[in-house]
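Quick heads-up: structures coming right below.
Same chain, two partners: chain A is paired with chain B first, then with chain C.
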Partner chain A sequence: MLENFNFRVIWEYMPLYGQCFFATLWLSALSLIGAVLVGILACSMRLSQSRLLSWPAGIYIESIRSTPLLAQLYFFYFGLPSLGIMLPEWVTGVFALTLNSGAYYAEIIRSGIQAIHFGQIEAGISSGLSYFQRMRYIVLPQAFGMTVRPMLGQAIVLVKDSSLLSLISIMELTRAGQLLTSERFMPAEGFLTTAAFYLVIYYLLKAFSNWSEKRLIFKEAF
Partner chain B sequence: MWSFYFHELMRSLPFFMKGVWMTVAVAGLSLIAGTIIGFICGIMRAGRNKILRAVIGVWVDIVRGTPFLVQIFIIFFILPGIGIELDAFSAAVIALSNLSASFICEIVAGGILSVPKGQREAATASGLSQYHQLRFIVLPQAMRTVLPPLVGQYVLSIKDSSVVSAIGVVDITRVGWFTVQRIPEGIMVFGLVGLLYFAICYPLINLSGYLERRMTVMTIRL
Partner chain C sequence: MISFKNVNKWYGDLHVLNNINLEVDAGEVVVVCGPSGSGKSTLIRCINRLEPIQEGELVVDNMAVHDKKTNMTKVRAEIGFVFQSFNLYPHMTALQNTTIAPIKVRKMKKADAEELGRETLTRVGLKDRINSYPAQLSGGQQQRVAIARGLCMNPKIMLFDEPTSALDPEMIGEVLDTIKMLAKGGMTMVVVTHEMGFAREVANRVVFMDDGYIVEVAPPNDFFRNAQTERGKAFLSSILSH
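Then we have the complex of A and B:
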């Protein structure tokens, strides 16, 4: 099979792959933006003094982290219609991806904030900085530096996870491979091309992550 | 209608238990194989042989850079094409072992490299052989760094095992997918699916957190 690897068919399907490549990109980008926002919200709720806020956030984070994304995806895909909510597949998909990665982002941000030495916050208090000033000038800049790399790591995971959207029949890269398998019965050509496209995204994000480690991460002050 | 569906769902519980058993079998076998292969590769990756290090590095990048779903499809559809016949179960175990091994390899290599160089030099000076250095000096100390993320990786692998349902392995997710065709209450059916995964993963997540706290305390004591 591999000796008669058919490049002509791949070429023929290239427009489809291009389309699907961009579909994967924008589905991931949309979910990524949503996930970071959800993560910030869930993290600040979790760290809040009020139990009324921290408990729901805790339950959300723990339940997302201990169940697989595919089960969550099916939960919304089959569950929302049974509640009478009809959404296009891609909205359900982006929604599930956002909620899933949001929980991981919340944990990443939390570990970044909690890694700040308590002495620094005390120093901020004794210098007369208010809570928001402490957050803005002391905690968040350092926490950001520490979380850039894990955040980009989670972005890579998010792009890979978007492949599961093909299982609820959204057109993206993995779906293109499935189409090539079902229309032409050429799984080798289909899925190896798909894998190559994902590798392009992976190496780009990885290079960005390595670059950011050199340029963006502030040296720890203590 | 809801109570009727609930009753129906309760009647299909034995089916779900079979799914749990299948998930545990796939994940368990893959984790055993993945841990063994991962440790061997991790030791080689932290070793001196540059060619081996580079080869393992490329393998890890390819496995990390492509979605697990695509890897499963490649193994399930393409290996038969080059003369290796596989049923869905073995394809699933091979794919998940490969995935776990690549992640465990990086964890182990990181752990070994975190052991201070002086330890190895002292061992060489005391006349310990390569094997004895690894067995009695480096690995026991590396285990402290390795153990918490290793358990974390076990949780990730168990969750990733849900994706093997895409090639027809009847695990918890697949059982849910079958059941929802018969009982059109997505929230209820996949709520149960999520609960079953939660029961498996949540104790492991807590174990990982506990190990992390314990290992940190030990480092400070030293």
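Then we have the complex of A and C:
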């Protein structure tokens, strides 16, 4: 079996894979940053006392979590231009990934915030800190500390989900596999190489996760 | 300094503070005691409006706490509050715990706040634990950090809500000694505690509460030797019998 496996072709396509590896990296990184910000915003809106804020956030989170990413992606890719909104493909892709993961981040951050003992907030109130100061200096740092693992888990999901961007003809790792398959008809070589690069990203994120957990000296307090 | 006038508070139908009248003068140390559920924690938590009151007047340092329009940040900056469960920020060192409010609320320069934090932590006997995280400290040390955190705001009043109830017996002494040091320095304090030896030594008055009422107010020696009410006597015999 292995004698049929063509390493030479893989080598030949390496420049393309390298380029696509970095494309996947930066598309994911951009979406990740956006998703965390959207998550913080959606989560604070959802936890707000005001229904004017909490309802839209709830509808956003529920509708994203209840529908497939591919349908969302197609909606933005085909649907928005039909409504007269034209965006470059990569913007559409990052936008879809950001909104999708943002809903999951909102829920992860919420679980972290709600796990914080109310005494922490009372201590902040007692010393005169404002609502935003309590959020910024007391609640969010602890919520992030407690949710490092699920947050990085979601980051790994996001990287893998970025493979769907190949379907709107963005050049990234899965698209590279598709090209090798269609140009040379070598799907085994093509997609195994694609998978190997995802594995590299996975281990990078995992190493970061372990490193950041070790840095959380205060974690035994939880 | 603190003045309750006909203060009432309800949780739903439960009448937790019943027509409370109490004056605490500047420099005075008042110990509040009573059985659990008597309203003593609620009483102290109303002073910085961790709990709102529904009726009556509550004035702290000439600011009307009962008035919804009062800027509570200003009131709270003048009141240090020490909790039963410490409530230190676990992601900050002892020093950061003490400097966050001076920097963010008092707008103190970071270097000045750290200088003050070091001094204050040294005062409560934690010179060598300045850069420790709460999880690395014993209960008694954590509570002393919490006291230092309150003191760094240079408050006019310190409130203590059962500061030693969550501590192992061998650590109660170090925390009480710290509070005694403040009392002798002339700090206005309200302390909810069952430590009767402490009350005898430092309190100017003991307030005995039961069922949402203030039942007795007396100097500690009078209250402990010669409680005037049946409920006071019953409470004292129940806590002194073991």
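Brief remarks on what is shown
Assume the second predicted complex is superposed on the first by the 205 of 222 C-alpha atoms of A that agree within 3 Å, B and C clash if a C-alpha of one lies under 4 Å from a C-alpha of the other, contacts with A are read in each partner's own complex, and residues count from 1 in each chain.
Note that a contact is a pair of C-beta atoms (placed from the backbone, for glycine too) under 8 Å apart; a residue touches a chain by one contact, two chains touch by 3 or more.
Every value quoted in this text rests on a predicted model; they were computed, and no experiment measured them.
In the superposition on chain A, A:202 makes contact with chain B only, not with chain C. In the superposition on chain A, contact is made by A:120 with chain C only, not with chain B.
In the superposition on chain A, A:92 makes contact with neither chain B nor chain C.
Of the two partner chains placed by superposition, only chain C is touched by A:138; chain B is not. Residue by residue along chain A, chain B and chain C are tallied for touches, and B comes out ahead. Contact with chain B, but none with chain C, is seen for A:79 once the two complexes are overlaid on the shared chain. Of the two partner chains, chain C is the only one touched by A:128; chain B is not.
No residue of chain A lies in contact with both chain B in one complex and chain C in the other. Across the complex, chain C meets chain A through its residues 48, 50, 72-74, 76-77, 79-81, 83, 85, 87-92, 100-101, 104-105, 133-135, 149-150, 153. Touching chain B in their complex are the following residues of chain A: 1-2, 62-63, 65-72, 74-83, 156, 160-164, 166-167, 174, 177-178, 181, 187-188, 191-192, 194-195, 198-199, 201-203, 206.
Those residues of chain A that touch chain C in the shared complex are 117, 119-120, 122-123, 125-130, 133, 137-138, 141-142, 145, 217-218, 220-222.
Chain contact summary for the complex, chain B toward chain A: residues 61-62, 64-71, 73-74, 77-78, 81-82, 155, 159-163, 165-166, 172-173, 176-177, 180, 184-187, 189-191, 193-194, 197-198, 201-202, 205.
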